[in-house]
Structure formats: C-alpha cells, structure tokens
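Once you scroll down, you'll see the structures, which are given as structure tokens.
Note that chain A is present in both complexes that follow, paired respectively with chain B and with chain C.
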Partner chain A sequence: MTAAARPDAGLKLTGSAPYGTDLDVPGMLWAAFVPAPVAHGRLRGLDLGAARALPGVTVVGPDDLPGLLGPRERDAERPLLVPDEILYRNQPLALVAAPSLAAARAAVAAVRVDVEPLPVVADLESVFPDWPGSDAGAHPQVAAHVHARHGDLAGEFRRADRVLAETYRTASVHQVALEPHACVAEIRGSTWYVHTSTQSPFGVREDLASLLGVPEESLVVDGTWVGGGFGGKGGSFLEPYALLLARASGRPVRFALTYEEEFRLGRTTLPAVIRMETAVRDGSIRARRVRLLLDVGNSLPGRDFATGYSIGFLLGPYRTEAFEVEGYAVRTHKPPFGPHRAPFAPQCAFVVESHLDHVAREMNADPETFRLQHLWVEGSTTPMGQTVGPFGLRPAFERAMTTARSWRAALGPGQGVGIAGGFWSTGTGAGGEARLRLGPERLTVLEGEREIGSGSVLAGLTAVAAQATGIPPDRIDIVYGDTATAPFDSGVYGSRTVGALGRAIQEAAVRLRRTLAERLHGQGQAELVVREGTLVATLGSRSAPVAELLTEAERAEGGLVADGRHFAAPNHLDEDRVVAGQFYPYNDFAGSVHVAQVAVDRATGQVRVERYAAFQDIGTVVDLGSAQAQVEGAVAMGLGTALTEEAIWTDDGRLVNDGLLDYRIPTLGEVPPVDVTFVEGYAGAGPNGAKGLGEPPIIPVPAAVAIATRAACGAHVTELPLSAERVARALKLL
Partner chain B sequence: MATFDLSAPESPEAVVAALRAAGPGGATPLAGGTDLLFDLDEGRVAPAHVLSLRRLPWRTLDWVAGALTVGSTLPLRALEDDPQVRTLYPGLYEAVRNVGSVALRQRATMGGNVVRSAPASDLIPILLALDAELDLFGPQGSRRLSVDRFVIGSRRTELRPDELVRSIRFPEPRPSAFCWQRVRPSNDISQVAVATAYSPSDRTWRVAVGGVQPRPRLLPEAARELTGPDPPPAAVGRAAAVAAARSPFVSDRRASEEYRRRLVASLVERAVGLTRPAPPRSA
Partner chain C sequence: MTDAAVPLTVNGHAHSVRDVPGPERLLDTLRWRLGLKGTKEGCRSGACGACVVLVDGRATLSCLTLTHDVPGAQITTIEVGPEDAAVARVRAAFAQEGALQCGYCTPGFVLTLAGLLHERGRRAAREELLEAAGGNLCRCTGYAAIVRAVERLATEDR
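Right, the complex of A and B next:
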C-alpha cells in the first residue's frame, strides 16, 4: 500500500490529455441553442427564416425533427425542442450550427421568437406555503410523492418526554466541473458517431437511442478525457443535438457550452425544505417524523428518482422504534434536477446531524455520545427494513471523538469543534464487464469507462489488476474502448467503478491464471512474476515465460484473452413499510465521520474552517494516493456546499449568479489540510472487500461545519449555506 | 472578442498622442489588464487600438522622507513585498495583499484599480483614508487631483480621454488599517471594506467605506467622532454607529442592506482599533 504518482498526471500537467473542449475535427461546425427567453410561456411563433438565410448556417427547428430522427419509436415524453410550452428559461427552442462560434451566435440572434409569458413557479415554497396535506400527491406541480412508515408512531409521540421539531432549508448547488459539457458528432455512413466528455458512454448510447429513435447498434459513443463530472456528465446532454445538426448539415458538429450556459442549463441539486420531528423518551430516540419538499425543476412526472432515493438519508444511520417519512418532488420552472456527487446526501446529513445535535443539547445530553448510542452497527435493521452489513461507522465515530477531544483541549475564544457522520449506499450498481489480454510481457485491461479525474480507473483498476494477476503496475495498460469495441459498463456513478469493474477484472484474472495453469499441465491458478525482465507464469515447481505459453493465434492477436463481469446482488427493502411511491434499497453501506474545527468572527458571522479530519469506512484501501486525494477533494467540494455555494434564482426563473464570480467554490485559501484516516476491515462488495469512495466523503462536510459553528459561537443555523450573513442572523447581530 | 491593434509605446507622450489620435472610445490604455481583459473578452468595449503601458518607466516605488509615491504601472505584488510599506502604511499593505490572488497581483496595478473605479475596489477606500493624490499626465502636462475628487462614481472618474495616471502619492506615513468582509475570504470581492487612518500631523481621522454603491467614499461625520491617536471606546462606538447610519447602501446578490449596515459598524470599530502608531523604525 504505497502512494504513487497518478498515471495520468504527466499527460494532464503537460496539456497532452485532450478533453472534450479540445476536440477539433477538420471541417466541423460550431453549434448553439436558440434559448427560451422566459421560464414559462407558450411558444406562439419561431421565425427561423433569417437564420437559415445566413451563409454556411444550418438550422434545426421543431418542424425539422421528423425528417432527421431515426426510424425507431422514441420517448415522446422527452421532447428535444420545445414543442409548445416553455418550462424553463433557456430551454432549447431550436439549434444552429455555423462555421464559427461567432457565426453561430449571430444566427441565434437572427431568430425571432414570439412567446406568451405564463405565470412562473420559481420557488417550491410558493407551491406549498404550508406543509402539503395527504391529497397533495395529485397536485399538478408534484412529480413524485413518497411515503413510508413503521411502528407505533402516534403512540411514541404521545408517550414522549420531549418532542423536538425544526424546519431546515438547503440551497441549489452546481457540480462546477472545470470542463463544461462538450462533444463532437459525425454521421459516418449509417453510424451516428459522437465523441464526448462523459461519465458513461454506454449510458449516453442508451439515452440517444430513446431520444433519437436510432437503434443502439447504429450509435457509437466514444469518451474523451473528462475534466470533472461530479454527476453532471452522466446521461446525454448535448449529444443528441450535435448529432441532429451533423445529420442536417452533413458536417461534423462541435457542441460545447459556455460556462454561463453550464450554470443556466446544468442539471443539479435544487433547493429543499425539510421538517424534522423527533420524539425522545428516557434519553433515547423513540420516533422520527421527516417531511421533505424537494425542488426537482423540470423533472418529468413519475420519473423522479431523487426523492424516493434521498429521503432515507434524512433518517440518517440511526436506530428508531417508529418513523414516518413523506416527500414531495415539486416541479418548478427550472432545468431538471440532476445528480451532484452523492446527490442530496450532504444536505440530508446536514439536516439530520444538526437536528440530532440540537435534540441532544435540548435534552442536556452530550451531543456526540447521544448520536453514538443510536448509530447503526452491523446487523442493525434500517427503518426501511434492510439489514446493515459490515459497517465501520461506529468505530469511525469513536476515533473522531478522540480527535475532537484533543482538538478541544487547545481551543480559544470563538473556536469550536464539531463531529458529523453519514452513510452512503456504495453498491456496485448495474453491470460491468472487463477484458484482460495477456501479451508476452504486458497486460492490457480493456473496459468502457473513461478516467474522469478521480483516479478510479487509471490508478484504481490498475492496482486491482496488479493485485489480481501479480503483474507489476508498470506492465499494465488500461485501454478504453468506444461502445462498439469495449465490454459493457454502466458508467462512473454511485462510487461503483473500482467495486464493479474491479470485481470483473478479478474474475477475468482468475480465468487467465487457470488457463495458464492448464498450459503448465497443472490445475488451479498460475502465478505471474517478472524474472530477469521476463514475464513468467509459475505453478508450483513448474514455470515458463508467458511468451512460450501463448498459442500462435494468441501471439498474432496480441495475447491471451479472458473476460470477467460483475453484477451486484439485488437488495430488498421491506415493501410493507411503503405507503406510497417508489423507494430504493441501499447496498453496501459505507460510513463517513468528519471532525471540523472552525473559528467564527462574532462581529461579522464569518466562519473559517481551521482544521479538518476525515475517518472513512472503506473496507480495503485499493490505492492509497488516489484514495486520499478523493477524500481531500470531497472535503473541499463539501466546504463549498457548507459555506459559500448557492445558486440564486429570481421569481421569474432566472439564475442570478451564472458565473464563478458570484457562485463561489472554495479556493485553497478556504480548505485546510485534511487528516485522512481509513477505517479498514468492514468489508464491502468490491475487490478484496473494498467499498466505494467517490461520494461518501462529501456527505458529512456541511453538517460537521454547522455543528462546529454552533459549538464555537452558539449560532444554530438551519439553512445552507452557512454564509456569514446567516450566521450573523443566528447570532442576533441583525 | 473583437480584433484590435496592440501597441506598446515607449513614452507617455506617445501614448497620449495615440489616445488623442484615436478619439474617445477608439483606444484603451492597458496596464495589468486584470479588469480590462474581461470587458474586451465579453465585447463590452471594442476599441480599435489597445495601448500597453508596459514600456513606460512608471513601475516605480519612491520614498521621500517617508512619503510614498507609487508608479501607476507597478504590479501590486511589488508593494506587498516592500517591508517599508508594511511598516509605514499598514492599512495599504493589508488592502494590497487582499486584492484577488497572488497571480492576479503579479499583474494588477494601482493605477489600473483607480482608473477602472469599481464600486467594490479594495484599494480606493484605503487611498481615500490615506489622502492619496494622483499625478495625471496629459497633453498639457501634469495635474494633481486627490483620489476623493478623481473618483466620481461607479466606473466613472475625472480622467480625461487623453490622460493617464502617472503615479499615486501618499503624503505621510499614517497609522492605518483596512478591514473587509467577503462571501469567500480568498479571491473575492468585498461585501464591505473599511479603511481608517489617523494623521499625526493634523491630528484628524479619516474613515472610508467601500463595497457600497456607487463608489467608495469618505465618511467625515464618522471621523469627526474620533479624536487623538487612541480614541475612547464610546467614541469608537459612536463613529461606528454614525458610519452605519450615514453610509449609502445597496442590497444585492452579495449582501442585504441590513447586513451591510451591520458590517460597516463592526468593521469601523475593528479598523479604528487596529489603527495604531507604527513601531519605531529600526536603525
């Protein structure tokens, strides 16, 4: 277990790794959207004539679509261009492609749009000023209604010593990947080909097939280097538009967003209001009631996943005798909700941890011991009736408490220390496959995921392949395929890469080593070692250079091939607890516990994070350097959610801060060094018991900062982010 | 970005002549470019000529009996690195080292900051508090103007179309302080900035506030509450209250008016407390 330089570091530092925005194909056109000028309205007229008349310009309007789309049935609920009713500002009305970006913009400017404005619903609290009644599931602005309960809720609340109730609000935050969405599309004969910066080439292919009515076998998606995804580059976005323009123009088409467009159109976390009620008796949590209003923007009714998935995180990793959760996905005139690293879980942890800290304080209990006493451990039953597997949350929490005690011993005025925990479902998700090819001296791993910057592919999968085969990492090459050549993989999401593809690689490695054992006239699995510069297979006392064990055909093809695949075991929750809507089981629980030390300026409310420690339940560390970097990066990103990041929407549905000047991500000046400790030994489903890591370490950050802030100055802030102004209000400075 | 001719004249006379020849809006001087380049990139300005000032002999830092004269094109980073600036003009040092990032300060200049006259400029308040005076260079030669008179509004100054700022002069070392509040402490624009200075020669205070529209401004009513080098807490409290009451405010995406008022009071109190005589100069 050693930290090594990332395999892609040199390429990226020297600018030799081409990202999506670097793509430059000879003869390509530049694309742009004709954006909707209002957040809600009826499209009365769209005059594309002047734009079409411009030299070299290709225009695609709604009426052109039937002639361009493929022959298959397409998803009619997801129109590519506004057919009639505009549902969010900048929604695409039409597309243009031109020989330069300036020419494309000039063409957009030449389009005449006639719109009848309609009333805008920009704020979910304007839809439900009071908590919705039980009939609200049928409300036209509700995309999903989820409801679950278990136990004697009414009785526990009636018998309680205390009932604590609070309301929390969380903000809209963006992924802020450094590279905006970008792709280049081409029609090559009968193949629709797109080269794109994506977390999931196969996911984009599936999406394109349903959006364009083109069979999957006619679509090829090839990934580029990805300048950050964080959830924002999961499904298709610009690809269908670039392909339509390529088909209409007969030329390759480049489509990349400006950073302002990235903010305005990005699918990300939207605001939420959460009501928490907790019944306590004899110092223990007896019952919890949680209600959630989640803004899902223009998400389609019936297709909201976020509410049913997230609401369980609002109960947190805590035991309770009885509970009720009820959530509403509220449609507003904003772009659709989309995933942002551990979607909505940092916000949930902020709410549940702050609330239980508050409950403990109100009960005159030690807030940390109180939470510790209620934590799930292996074998616990979750509120939704799942059994918790190996889970390192409690040991992580105990170690965090030790750290917090030592930090507290040295505190001065205005300083405070807080602990917060959280959990994530790091199941290995939908399927993944990998192909190993053993040449005379090197091993190639062929797979369908691109390295998106986390290190999970280039460092993580290389480490797994090295461990599984015995071949040193410097003799292993990761080769990405496009969707026509690579084995299937469902993509980089859900912290699944090392888990799913790692297990697939392990399976392939076993096959490879068995074949080598047979060729050494034995049974079992051969070992692979480097002897005097030569790759050698050994089995007991027998050994031979790999080169001599390959058949002639294998030497001609480049090596001995073995395939592996991994599909996660299905998990279940207790459906008897579901009253309404769709809930989702969690898999392979990973715990995270963080300690933050902050200093609060009592005259301004400014919070500065001074020290930070993260304890991560990881199962097994696969690659220490990239694992540490993942935790550090997640903490930095979480500090933005905690302190400064907040997309602000006007009442007419316009995003006010659509740039990095007024949408503030942390700089190095705001991120203290992070002490990272991995809690190993609580095995997950990944290779050698590894658990997913990309998302879990962002989850406790806003909560840890909020609890430390309260410890430092008494300010109990129930709204994210903890801007100085909000802290000042909590301190009654205003 | 529209295309333009870029030239770097060797003398201020040549720059001024080029400005006159191009006429209003036809040419733009370029110092550090940390603000101007955004306007060029976004097309908010589209001059035919951009005149780089990098060859002018104005990257200077001059001391005359403790009075500091800063050449207008000196990168801010050079001021920050000067130990005398830190000792004799502590408020200026604090203001300069909190402008943007290190990389930005390697290019950004004091002349550019004053000429661009952003409402949230972090330098103009301390220049006001230190009673800084500008030396303007034009076709008729030099003229001098206080920063207070030079800055007239948001992005508006008394600079004539064919004039340049040659230098900024600080008449005497003064105990001074600069305090700010930002949404994000690093590399951000201040919601409110407060600069204070005490003049030992005429025994008066100056209090300036920035981050308020339309321009940073002096608050003489607040300064009048302060007397002597070490005003009593009650006087400091009065000055803070007067500043909060008298300052013009806006409510925008960076802060509410209510919060800005609170910040002005807090930061005036803090800045006055930090405005202390410099330690004796070592031999």
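Right, the complex of A and C next:
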C-alpha cells in the first residue's frame, strides 16, 4: 500500500521547514548551562566573576533570579538553578549567553564551582535491596506510593493449584528525537516571547507562568516545525532559561542542547524492577499480585504520575478474581522521569505477556489460548472496577493467532514466532478548541499545535475537517498561530490530537453549516460542495456560492468564523479498591496485538527480527497513510526498546552512553517489513469513533520479541533489552 | 591557514567564506554563515547522518568535515533546485511514498541516496541504495516508507 503524499513533503524535501534548531534572529546570543559536576553534593561556592568579566557575556546565577523574576509558585520545590543541594549530574548551576557558542563555552569554563560531594543513590535497587514493606511510603527516597487491592487475595493464593512468581527488570530508554531541544527567547516590551520546538505551546506557557512568576497574558509561546517529540518535547525545558538570559541581556537568546546534553539531561523512562505472582486453579488465573519499583530520578515527591498510571498496565488486559498491586516511585540522583511514547507501557506489556506465557507453559497450556481465554472484552470489569468500553483486542488477538499459525508452518531451526498483546487508554485527554474560518473558496483551520511528524495535525485534522464540512482536503489550510492568537489546546501527546481537536472541529463545522443554512433561509445544516470550481453551500433545493453568503465584514476578515471545543468528562474507577496513592481511570481502550518472527544465533545469543505483523484496534481509520506510518514507526521504536536501547548509569550517577554510537537505536537494516492490519468497528471517543494511535502500537513490541525468542531457542529472558549477552546468559552460553 | 577565506560553490553559487576558524565544521559554515539551514544538525558525531551533503558529488557527513579541508569544492545541499536530477528523483520518490514524518533526517537521506545515484551514473540497485542509506538514522518512519521509496528509485531505472 502506498501512503498518500504528505502535505508537508514539499517543504521538508527542500529544506524549507524551519525547526527549533534553525531559529536565527539578528543579534541573538548563544546559551549554555554551567553543569553540576557531581550527581549529589552540596554547592559550597559558585564563582561567576571571571565569566561575568568576559566581553559580551551575560551570566545568570541563582542569586540573580529574584531580581529577574516575579514571585513563583514552584520556587522551592523546583528550583530553576541549584540553590544548594545538587540532585543529578549536569543539573544547571548557572546560565551563560554569549555572541557565539564558542564564547559561551569559554564562559562556562571560566566558572569556578566548589562542591562537597555527597553519597550518590544511582541505583533503585540500592535503595530497596529487598521488596519494601507497606511502611516504606515514608522512606526519604520514595516520591510516591500506590497500593490497590480487590477480592480474596489470600484465599485465592491458598486454594491455588500453582503459584508462579518471577522478577523482571526493565531498562532506561531515551526518546531520541533527532532534533535536540532548541528555542529562541526574546523580551518584547512587557511580553516574554519564546519560539520553540514543542509538542505543547500552551503547556509550555502554563509551565513558564509558574516557573517564572510571569502571568500567562505576558507570555507568548510560538511553535516551530518539530524534529520528533515522542513525549520528550511536552512541557517546558530550555524555555525558562532562554527567557531568563534574554531578560538579563536585553538580547534574543538561542538555547539548544548538544546531542550529548540531550542524553544526559533528557527526562525519560528510567529503570524498574517488577515482581509478578500469579495463582492458578483449574487452568484459570484466580489472583495476581504485582509489585513495582520504578526509578523516577529527581522527580518531585507526590508529583509522580507514572507509578499510579503505569501500575494498572502491569495487570494487563486480563480478567482476575482477586489482585493486589503496590508500587513505589523511587528517587535517585538522575534527571527527572519523563514521558516516552506510551510511558512505561511497553515495559509493562513485556512483563505481563512474558509472565503469562511462562505461567501457561508451566501449566502445560497453550500460551496463546491461555491468554485469549482471559482477555477483557467490552463489558468486562477492570481490576480497578471500571467497565471496559468497545474493545477490539480479542478479535485482534484471534487474527494474530491465524497469522502466527501460518508463519510457524514454515519455520526452520533457531526461528520462533511469538504473539503479544497490550492496551492503552487513548481518547481526547485534556481539552482542545478549534477555530474554522470559511473563506469564499477555502477553509482555514487555525491551530496552536504544530505538526510534530506523526501527521496528526496536517493529515489527520485536514481529513476530519474535510469529512465534517464536505470541503475537499485540497481546499483546506491548516494555519498555525501562537498562544496569543490560536485557540487553546493541551498538546500533541497522549494519542489525543485527532480525538480532541477532531471533535472540536466537528462541533465548529456543525456551527458553520447551521449559519450557512440560516443564510439560505432554512434550518439544519447546509452542505458544502464544489461545483464547476466554485465552493457552494446547499440546503435542499436552495444553493448559493459561499462567496455570496459571506458578509462584507467576513470577507474583509478572511471568512466566516466558527469555534468548537471538546473537553471530555473524566471517567471513574472504584475508589474503594485504592489503599494508597492515586490511580487514574482509563478513557478509550485501544488494543494492539503483534506477531514477531525471530531468528536467534545459538552461538552468540543475537536476536534478529525477521517478520512482523501488527493488528491495531483503531475504531475508525481517519487517514490511512499516516495511520499505517504510525504503526510502522512505533514498531521500529519498540524494537529498540526490545533489543538494543539501554541508557547505562554508573554508581556515581554518570550516563555512560551519551551518544548515538553507544546508545543504539534500530537502523534501516534491522527493521523488518511490518504487515499492518487495522481492526475497525470498536468505537472510541474521537471523530466518527476514532481511537488514538500514536502510542498504542509501540506497546506489544518488546513482549512479542521476547516471546518469539523463547519460542525460537528456549531462552526465557526476564530483563530488557534482550541484548545478545542477556540471551546468551539465559541459554547458559555465558 | 586558519581564518583565511575558503572558496566554496554551493548549489551552483560561488562563495568566498571569510574568517573561517581552523576547527569550523562544514555543517556550521553552511548553516550559520551561508544561512542554509536545510542541512540538519543532529548528533555532530557522525552517527545520525542528518547533516549529509554532497561534496564534489559524494555523500559526506558535514559535521565531521572541516570547511578548510574542502576549499574549492562543489557542495550540494537539500536547498538545491530541480536542476540536480538525482536529488529531484529522490525527492519525487520520497514524496510519492510519503517517506518522511518529522522530516529532520530527510535531507540526509535524500542527499545520501542522491550521492549514490551520482556515483553510479544514476543507476543503482535496491541493495546498493539500501546499504548507502543504512548509515542514516530515522526515528519516526521505522524506515518502511523509506525502503518503499528506495524500491521505487531502483525499479524506475529498469
């Protein structure tokens, strides 16, 4: 299948799409951090004098902040610059800006830093060598504690035919967007203006207001083309620093990270340890107990979303009579945890699917039939007491089983096929607004979000607008605005863009068509069609060119404006099952089932993925080309998590592999073709029943590869990634 | 030789780039002195391939090339016009197959493949093209659409 040409192909194939790294403002300065030299320590002295004395150099240290900023909400708990205690290596101590990057680096080198090193907690397992008891919530390294249970856990475990227990470990993985973080900040009169490569201009504005103590109306955030996000360009990062330097210097300031800094400072998935216990009776899962230790680096106490959200995914989409989950977010001397495409869900699916595959094998049951029998379907109750909505997971699993059977018929020695499923809660997330402007011949969709590459804005929203108005896509323009001019949206993340903004566009389109109907002296919604090259509104037997239905004022302002908004009502879970901490309800249930065929080198343990098929529960396909491309890309990214990607931290909190030669993402020769099948008809909350797609298809990948690897050679690997070394150890080659 | 002027012809236009420090990389000369930001800065260590340009027709990592090492060179960047037939062919194949998402790696892929087409007198086999592009990283597409674009390039030759 050939994808439709992307609307941005022409710009991107001629170097005409400016990204954050390309921003170039006359007179701008170049910025750099003064990085903390240790992962934990007390800052005894910071001598900025020599740097300040350099010509053309602006320096901002912690003592300069009060003079530059207003009163701030998060002053104490999230300092912009280290005031006293250093909590991770390379944490910003001070900022410099200079007329060139070389001059900025020379200024950083001129700073004298005096630090008293303190003991470093780099490794989660050094905090809790044994599983913590329920009183560990008060431990100083614990940022969050979540605990939930339901049913007769002790009884089910006592009455079980078998109890199977395993421990899994997962690695730290980085988003690796090829474009490093970059922005340019300027102070324009009383406005703090920043132009930045971001997934969420409005999210950055909200962050900046609380970080800088500047009211939102004095802040303007404008997006750029984005060279990959994957969760890493969600909230603010460099923007407050660039603005501080712009304020201090009176000049525009460019702040961009080097790729090494991207790795060292990146907020991403950190390591975890997971304990799985399953009680089985009469061939059925009766009870599950799951414990999680999740490294959250320097995340703030009590602000950890990851643990309470992720832990539900460790029960997987499987029915159980009784369960208990308990998780700890553990602080270490690393940068804060941050979102990475379906945050921590691929790791959860790896654990759940590998464990249940193991349980079935131990029970002498067919692993796939065993899992199929326990899968949620629409109407099932989740462990947290939520009713499952329309869910295509089971039909996807059945189709995957058919594919796996045909692949298995042709296998040779050392080859194996595995199936893994997973799910994600997609939907419309936090709210979004849309503004349509109907001109005489064209429709404009005004957007604050920028296209980050997935196609969700340029292809997805164009497709929704075309469907909702009847206007052909080639007469629809997406026009970007900054946060001062564009309608609000919460961001391109959480697989929500087409869902939320699509629904908002649909609402705006209804208003637009009602207004046109009134102008045709009727009721209901007018249709829009192109007749002999002219855009025409029709209502029953009446019709008129759109140009004739616009008022003088509308023609002068570019067209008839209609607004729409979509803010979803939150779902609920059974709070009686919560013992401690915060759990989060699901929205749409989006299932993904993957089939992997691998070949394992019996001498080295090297795993090669040879064939791959993905079955995706999508509700309704909005744009087939970009939908297929999302699945293909997500599978490749998941193969990195599965096989090669692992950020390695030393005991003193230093990242060992801070470059793309050492941190290995999949290359062209390592990704097999992916057969993509969409399972439609299980409607989500998006336009026409669409479900979100950006994240779900990465989720089953490490699990599918691990299960296929076990099928191929017997190696049951309980750690990610499945490096040759780990497979070789499982095969007792090492 | 530091700080001397370096003559370069970029996309057919002659430049004499003055005051180039000895350690300056071709990537930075193109982007910040000549304003050609289409050449992308990724890892600056030769791993990602986002910065590939053609130097005298050969695909070259501009982040690992010193500007002073290529005086008088003919440089081709992603901004080149349709007169470069190899670049035009690769562009057409990428557009037809939708072989890009965020687009940050795209200039490097296009020039890497165009470089091979230049070297091979515009004919190259699928395997050669894939091997050439195998050193460029893409995080968005999973390479699937890029491989389809390469297959289009290889078959339209026959």
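Here is the rule we go by: the second predicted complex is superposed on the first by the 726 of 734 C-alpha atoms of A that agree within 3 Å, B and C clash if a C-alpha of one lies under 4 Å from a C-alpha of the other, contacts with A are read in each partner's own complex, and residues count from 1 in each chain.
Criterion: a contact is a pair of C-beta atoms (placed from the backbone, for glycine too) under 8 Å apart; a residue touches a chain by one contact, two chains touch by 3 or more.
All values reported here derive from a predicted model rather than from experimental measurement.
Enquirer: Is A:668 touching the first partner chain B, the second partner chain C, both, or neither of them?
Expert: After superposing on A, A:668 lies in contact with both chain B and chain C.
Enquirer: More residues of chain A are touched by which chain, chain B or chain C?
Expert: After superposing on chain A, more of chain A is contacted by C.
Enquirer: After lining up the shared chain so the two structures overlap, which partner does A:10 touch, if you call chain B first and chain C second: first, second, both or neither?
Expert: second
Enquirer: Is A:454 touching anything from chain B or chain C once the two structures are fitted on A? First, second, both or neither.
Expert: A:454 contacts chain C only, not chain B.
Enquirer: Which partner does A:608 reach: the first (chain B), the second (chain C), both, or neither?
Expert: first
Enquirer: Touching A:656, do we find chain B (first), chain C (second), both, or neither?
Expert: In the superposition, A:656 touches chain B alone.
Enquirer: For A:177 in the superposed arrangement: first (chain B), second (chain C), both or neither?
Expert: So A:177 only meets chain C here.
Enquirer: With both complexes superposed on chain A, which partner does A:510 reach: first (chain B), second (chain C), both or neither?
Expert: After superposing on A, A:510 lies clear of both chain B and chain C.
Enquirer: Applying the document's definition of touch, where does A:136 land relative to chain B and chain C: first, second, both, or neither?
Expert: neither
Enquirer: Take the contacts of chain A with chain B and those with chain C, and give the residues found in both.
Expert: After superposing on chain A, chain A residues 661, 666-669 contact both chain B and chain C.
Enquirer: Enumerate the contact residues on chain A facing chain C in the complex.
Expert: Within the complex, chain A touches chain C at residues 2-6, 8-19, 21-22, 24, 176-180, 225-230, 258-259, 452-455, 625-626, 629, 632-637, 659-661, 665-669, 671, 673-674.
Enquirer: Can you list the residues on chain A that touch chain B in the complex?
Expert: Residues 603-604, 606, 608, 643-644, 648, 656-657, 661-662, 664, 666-670, 723-725, 728, 733-734 of chain A touch chain B in their complex.
Enquirer: What residues of chain B sit close enough to touch chain A in their complex?
Expert: For chain B paired with chain A, touching residues are 101, 181, 183-189, 253-256, 258-259, 262-263, 266-267, 269-270.
Enquirer: Could you pull out which chain C residues touch chain A in their complex?
Expert: Residues 31-32, 35-48, 50, 77-79, 91, 94-98, 100-107, 110, 130, 133-148.
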